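Order of writing sets the labels: A, B, C, D, E, F, G, H, I, J, K and L. Residues in every chain begin at 1.
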Amino acid sequence: MTDRTYRVTDIVGTSQQSVDAAIKNGIKRASQTLRNLDWFEITEVRGHLVDGEIDHYQVGMKVGFRLEDAD
Amino acid sequence: MTDRTYRVTDIVGTSQQSVDAAIKNGIKRASQTLRNLDWFEITEVRGHLVDGEIDHYQVGMKVGFRLEDAD
Amino acid sequence: MTDRTYRVTDIVGTSQQSVDAAIKNGIKRASQTLRNLDWFEITEVRGHLVDGEIDHYQVGMKVGFRLEDAD
Amino acid sequence: MTDRTYRVTDIVGTSQQSVDAAIKNGIKRASQTLRNLDWFEITEVRGHLVDGEIDHYQVGMKVGFRLEDAD
Amino acid sequence: MTDRTYRVTDIVGTSQQSVDAAIKNGIKRASQTLRNLDWFEITEVRGHLVDGEIDHYQVGMKVGFRLEDAD
Amino acid sequence: MTDRTYRVTDIVGTSQQSVDAAIKNGIKRASQTLRNLDWFEITEVRGHLVDGEIDHYQVGMKVGFRLEDAD
Amino acid sequence: MTDRTYRVTDIVGTSQQSVDAAIKNGIKRASQTLRNLDWFEITEVRGHLVDGEIDHYQVGMKVGFRLEDAD
Amino acid sequence: MTDRTYRVTDIVGTSQQSVDAAIKNGIKRASQTLRNLDWFEITEVRGHLVDGEIDHYQVGMKVGFRLEDAD
Amino acid sequence: MTDRTYRVTDIVGTSQQSVDAAIKNGIKRASQTLRNLDWFEITEVRGHLVDGEIDHYQVGMKVGFRLEDAD
Amino acid sequence: MTDRTYRVTDIVGTSQQSVDAAIKNGIKRASQTLRNLDWFEITEVRGHLVDGEIDHYQVGMKVGFRLEDAD
Amino acid sequence: MTDRTYRVTDIVGTSQQSVDAAIKNGIKRASQTLRNLDWFEITEVRGHLVDGEIDHYQVGMKVGFRLEDAD
Amino acid sequence: MTDRTYRVTDIVGTSQQSVDAAIKNGIKRASQTLRNLDWFEITEVRGHLVDGEIDHYQVGMKVGFRLEDAD
């Protein structure tokens, strides 16, 4: 097994439902364009308020994925 | 449009149910005395334990609101 | 009442369901071997990804418990 | 001279012109409702982008002011 | 028991005697205008020097207090 | 409205004139290759010195932009 | 001399008198069950307030001790 | 000379040999797909343990590279 | 597969040779008394100087290990 | 080329005009007594307020300079 | 009044008595070789333990002093 | 034994070989002009890249040394 290298990208997932849904939405979108996703780490949880209520959640995440070998 | 100024206040919302409920409880209470709430940001998640179980969650939040013009 | 001393231990709870379940799993396991649990504080939320989906959540926590008097 | 106590409040000043103008706008607004302002400290500098250009700057600041004696 | 919400305010207590006295002075002043004080946490300890000696201590603190129900 | 996902990229803008110009130069270059830029946040301000004078400013920034839907 | 290894444990000492007494109480309790204590480092100073006065101080500390050789 | 802009990407290099080898492996892989690499900064050093021994090192790095002019 | 819980302990490994040797010494000692070691993370690198030269390195590490099921 | 060593010193530049002027004033003063200045990094931006207006800006900076060979 | 520049130096004061005495010892020693001392800020509080008791306190401090004009 | 005071200075050691060599180079240079060196602590590890390879390592360190008594 060769020594792997990973790249880490920062994304912000959002949801009108919950923190958990915002995490899942962000990961789902990331998996549409990145292969070999390996881990995520939450870096911040924020939200937008409208009329005194939570309009949507914003969850910042680092997402790590394995780089394939360049030929 | 004039240049707005916001104030940020720190609150701790609590709940016996979940982290999400503690967030909502805190925002709900803040909206009873502050107008023009605009965003929140979670700063810490703690909880109190009784008899080896979670008695209640404590979620620290910064809550930003727009200041109205002083005349 | 004498002056109490507490110890703080670091654990990582995991769950395939949600962040909340990972918190509860970690606290439950800690309560099996530690007495007088008093509070917890979340220090990080990470997760492992498999095939572009969340395989399990990993929630780092500090857990404080009261030390009993040594005789 | 008695021992003074200060309070620190968090504000966000904004400007469509520059970071410096956002600082000044925030301080100006704070001085309309708070007396005895004593110091400020910048905590974050952000901005909103529209069509690839800076629409306005947002400067987070802590502002300290001396509390007057309560009788 | 309903779910309580707390507010956290930042103050700076000062004293010409010691760090401990600065903490006490700050809490004492805060208790004159805020009800239901519940906890404090020290965020910084600084001091002003005059002629090579400590003129006064400045202790930054977060002070948490329970919000009463709004009707 | 669907739940949006954002990506955050780190850049360093430079300028021989001022901190503000370094911010603007970095945003301008980012807008040439990224669409839907939404916000920025300054992470560090450094500079290179030559002969005891500031040769150029280096401003680190996080830049967030909205991801378009992948089909 | 062989290469030593140390372990670091987190404790919270408390006192109704002062910050210094809370440090000493915590160290004293730790020394009842741990041998070869070598250093400590304060990580946070908090306190509980009752009726507007400090009821007790809580001082978080890391305490390092040398591990004896395992045979 | 025009004002350059740099981009900073996060990678994790790994090695079964040493921290230094993990740094070199990560830089080597990054240089296969990115041009004009200019600097790196280590952000974390972790490792995976198997049977009580270090299986491989994981070194997180920020890597900065100069953006070429977009036409 | 059930949901695992991990514990994280802080150690300081030392060596008169190098940073890498201090890491290995610390892990080796930890593996003598802890089972199921899973990962480590370096938290600080310090050293003691004698006569202007490095006498020994001190590497702080978090070490995570899987807790076995309590019956 | 031999391996260079740098020293980093902390200064606070001030100005009654602007943040940029405070940076320049600090660097200018440092260059009067230190040779081979190489870079600076801003660590904090504060200011003193008098009568509700900014009296002067205080900009904390790390300043790095190359040490000449000791013979 | 011209724009002043300050320098900040890091010291560690020690005492076998208390945290407060360690602060005073450090400031006293600094004032023997530095003029125009203006402020200090505590950065860490540690201590050395011998036979389960505190042998001496070590208090890290930043000390700021005004630079005189260079001619 | 009187209560000692220490000073802490920040340096950056460099090397074209390795992180360890950069540490040693920095300490060696510091020992040429400072007496009573007592400890060091690494604060950052960076490096300069040329043609996709590491040209030299830059290791930031705090170096503590005991101040001799001023008469």
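Following the convention adopted for this analysis, contacts are C-beta pairs under 8 Å (C-beta built on N, C-alpha and C of every residue); 3 or more make two chains touch, one makes a residue touch a chain.
Given the structure is predicted, the values throughout are model-derived calculations rather than measurements.
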### Query
If we look at subunit D and subunit G, which chains touch each of them?
E
### Task
Note the shortest touch-path length, in steps, from subunit E to subunit J.
2
### Summary
Given that subunit D and subunit E share one sequence, their CA atoms superpose after a rotation (degrees, nearest 5) of 120
### Message
Test of understanding: which option in F-H, G-K or H-I shares over half of the contact pairs of D-E, residue numbers taken as the match?
### Response
F-H
### Message
Taking the mean of the C-alpha atoms as each chain's centre, how many Å separate subunit F from subunit I?
### Response
38
### Message
Please tell me the distance, in whole Å, between the geometric centres of subunit D and subunit F computed from their C-alpha atoms.
### Response
24
### Query
Where the centres are mean C-alpha positions, what is the separation of subunit J from subunit L, in Å?
21
### Task
Report, in whole Å, the distance between the mean C-alpha point of subunit G and the mean C-alpha point of subunit L.
30
#### Entry: For subunit E, residues contacting two or more additional chains
9-10, 19-20, 30
### Message
Touching pairs of chains, all of them, please.
### Response
A-B, A-C, A-F, A-H, B-C, B-D, B-E, C-G, C-I, D-E, D-F, D-J, E-G, E-K, F-H, F-J, G-I, G-K, H-I, H-L, I-L, J-K, J-L, K-L
### Query
For subunit E, which residues are in contact with subunit D within the complex?
9-16, 21-22, 25-26, 29-30, 32-33, 56, 60
### Message
For the complex, give me every residue of subunit B touching subunit A.
### Response
19-20, 23-24, 27-28, 30-31, 37-42, 63
#### Entry: For the subunit J and subunit D complex, residues of the former touching the latter
18-20, 44-49, 52-54
### subunit A-facing residues of subunit F, complex
3-10, 62, 64, 67, 70
